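The data blocks that follow each hold one structure.
In what follows, subunit A forms one complex with subunit B and a second complex with subunit C.
Now for the complex of A and B:
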């Protein structure tokens, strides 16, 4: 049995991971992005173990705006805090927050989307109206207002507030796919055999959406990194005591810092840019491997 | 045609009501009341109660909501306590600034995106096409605030081609040509940033439209008639592909509104976005509520505009 399967794979069209792998081989930039990003995330997570956050965030006015290489490798900000350490912890925070938001919104989106698309009817109608409403409101403003309203503000509440407004895109996508999928023969056949709806959704419909979802989640991940750093930049993201890439960039709001102390804000900006580009490149390559028409390999 | 527009307008009513309820609840959740800033430690608590009664703050919430909506419809959103003036006139001033910025941005955006989209579609798979696709990818991936800061640093401070903040220089006399030019000059850098960030959607849409159009029957007919290729592109394909692009306008405006918070803050441009951020910082809740309501309304208006243009252009998607 196992052998048969293997042979089928060999002779048949390449599937799943094989296609993605070939797509990455064809697109050198995506391959490099993937490699660099994995390396970068590993480095950031391992290096942050060796950094004492309290000591890092301690203000030390002697080192105020010290140049790169003077005492710290990448210089210090106006509080005399090491930029390199803040970059590492900040990047770790950004990645983990964006990941958490992506997973939460992904989960809600998939569940809601599957229910709407598969069952249809009035459930679908009501939830779709709610989603339509979420799409039409200016979510960025609402996130900012909620962030300032929450009494005990922490990273967890930040993640939850963001998730509250960002799950609708995935839900819509999953719904439209589940809608067309649930009209296919294999679903009707399964229904006739008496399979329960839950099993059909989880074991039969969901796997058919998985490749699409991986693409969607990757691109969402990039978007969430952008939104998190953007909100932190405006001062409505992470609390100021937590090192964050957005906060580092926001020091540039002071024209003096922007002009003279470029080492405070430029590395963080470039790091954000690097992460956004790399994740998006990977997402694009994955998207091509999902869509037969666009494949390079 | 008119039926569709009316139906679409009616569809907007529940959305507006839902939006207003949320904003109202939000306003109630916010700490403080309309007297913030007016009360000193020696104010008599009984007097405060009296004032509250007078303004109806002790009424049940639904009644308060109806009153709030009534006032809002008449353009009365209360007073800003940091600026000590009517919220409506304050926002009106800023909204005008934001309008001009958005106006210039949209024009620049289309001036930039249409030629790039056409070239990419026409010379598909050429080096130029690859470059344009790459460009639109970068501008899609780059966060607004990073690009704005880099531009401000490079063009504002290093090269000093553009002013680095404000909407107009103080020494210029209002009403003169110089004044208008000066304002335009201040708008230009943020508008260019805006335009560059917004091009992705239009370029990709136009490019794929043109690539699709190449194999259409009407193009083949034109070619067999002997119409030169250049003319087919400018007259036949462009006209067909441009219509959906026009429908993008509404979405573009919606996108601009979200970006205005970042761009106006970074470039120090006194528009609605900047007002929003500074009001949040100073906890000026009446301004915040009015702005959220206005942004929500404009976003709804943007999608309405897109839907109407689309239904004019493409009769297939009219609402049943």
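Now for the complex of A and C:
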């Protein structure tokens, strides 16, 4: 029997992970992106263990704007702080913040979306009006106000504030899919077979949304990497004692830095570009493997 | 002796509109029907698309809200009890859906699909559960290794047999079959129907067989309800309906059954056209001034016809 199954697998078309794997094989850019991104994230997380943040952020005026290779590998900024060290810690912060925001907003969005789509009626109506409210208010302004109001401002409070505004997109997407999925006969069948609503949601509806969710969360992750750096650039992101890619880029607001000291802002900009592009390419390859019509392989 | 009665079942849907989204009108999907079910019989529910057949089935099992009316099961009023998913009623009444494909969750293996009712209604050990699943697969004539497969690996007929196996898992008394074969091709239809008959004999099941296919209904059913616009037009045993139809709408339905022989095609076509003319002329008499179907009047012990008075029944 086992042999029979194996032969079937061999002849049959690939499914699940097999499809995603083939999609990556066909799309070389996505494959390279995946490889480099995994390598980069591993490097950043391991290297950040060996860097003392307080030591790194200490101002040292003798090394002000020292060129790459003079004392530090990538030079120093206006405070004489090592650019390479700031890049590593900044990238680690960006990635972990983006990951945390993606997971929190993903969880809230999935739960709310499933409940809305499955139960419908007045539950759906009330929650959707709340979501509409969150979508219509200018979230960036509110985030800035929150950031200035919160007394003890840290990475955790930043994550929570961002998550408060970013769960609505996922919730809407999951709702729309759950709405169509809940009308399928297998849900009705489960009801007549005595399964409770909670179990139907978790065991029947949610697994059928999984492929869509993986894609949505990957692309959200790419967006969330940009959010932290964007806000830090504006000066409302992480506190100034924490190194951030956005802070490095914001030094380019000074025309002198922009023209003469390119090593301060250019590596950080390139790093942001690389991360966003890589995650987007991976997300697109995943999306194609989920949608039969778009597949390359 | 009937074990289940349906009394004056009504399912009305509001039509909302206007500025305040108030109720403008009602759709009378099911508008006052009475049924009785006896052990081991098959009941056919026939009618054109949109006449309320499926809604009736879904309302009985609790997938649709009932506007008014009562459902009595073994002498008890279960109209409220239907809402609790693990009630005795739900164990005894099961449903087979029209679309065999979409009624099986594509992400679950057959073993898990069949285990769902077992886990909800029967407290079995994992070992007994596996044995029960093997039994069910054997009943519906599926090989044992189908347990590990996913629904998309089966043909339409096989999928419908899995649906039947799942409905049989709790040893129900009544199975509501909502057009169980209309999505299958003819040879597979016969296979599934004969199989359903075999299962019925073996377990003493009662079927409520919802269909628009008069040939299938004739093959399967002992007792037939003809439905039109949410109400019964005529009901009676198979002989009453097929040999002695009384209502004009029933006659027209039976007239529309195609003959299998090509001989005399022209003649039949002419006869059909004549009948259609007669139907157009007299149909207004069969319903009241609002187009509503009259209440049923008994014309024999088993045979009921809707008419304004006994005199009207020709």
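Operating definition for what follows: the second predicted complex is superposed on the first by the 284 of 297 C-alpha atoms of A that agree within 3 Å, B and C clash if a C-alpha of one lies under 4 Å from a C-alpha of the other, contacts with A are read in each partner's own complex, and residues count from 1 in each chain.
In this section, a contact is a pair of C-beta atoms (placed from the backbone, for glycine too) under 8 Å apart; a residue touches a chain by one contact, two chains touch by 3 or more.
Remember, it's a predicted structure, so these values are computed and weren't measured experimentally.
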Quiz item: For the three-chain model obtained by superposing on subunit A, do subunit B and subunit C clash or fit?
Solution: fit
Practice problem: Could you tell me if A:141 is touching subunit B, subunit C, both of them or neither one (first, second, both, neither)? | Solution: first
Quiz item: Between subunit B (first) and subunit C (second), which does A:241 come into contact with in this model arrangement: first, second, both, or neither?
Solution: neither
Quiz item: Of subunit B and subunit C, which one touches more of subunit A's residues?
Solution: B
Quiz item: What is the contact status of A:226 with respect to subunit B (first) and subunit C (second): first, second, both, or neither?
Solution: first
Quiz item: Of the partners subunit B and subunit C, which touch A:196 in the superposed model: first, second, both, neither?
Solution: second
Quiz item: When the two structures are overlaid on chain A, which partner does A:184 contact: first (subunit B), second (subunit C), both, or neither?
Solution: second
Quiz item: Between subunit B (first) and subunit C (second), which, if any, makes contact with A:208: first, second, both or neither?
Solution: second
Quiz item: Once superposed, minimum distance in angstrom between C-alpha atoms of subunit B and those of subunit C?
Solution: 8
Quiz item: For subunit A, what residues appear in both contact lists, the one with subunit B and the one with subunit C?
Solution: none
Quiz item: If you look only at subunit A, which of its residues touch subunit B in the complex?
Solution: 132-133, 136-138, 140-142, 144-145, 148-149, 222, 226, 229-230, 233-236, 249, 252-253, 255, 258-259, 262, 265, 269, 272-273, 276-277, 280-281, 284
Practice problem: Could you please specify the touching residues of subunit A with respect to subunit C in the complex? | Solution: 1, 4-5, 184-186, 188-196, 204, 207-208, 210
Quiz item: Can you list the subunit C residues touching subunit A in their complex?
Solution: 58, 61-63, 85-86, 90-91, 94-95, 97-99, 102-108, 116-117, 120-121, 145, 148, 163, 166
Quiz prompt | subunit B - residues contacting subunit A, complex | solution = 15, 18-19, 22, 26, 29-30, 137-138, 140-146, 149-150, 152-153, 157, 164, 257-258, 261-262, 265-266, 276-277, 280-281, 283, 288, 291-292, 295-296, 299-300, 303
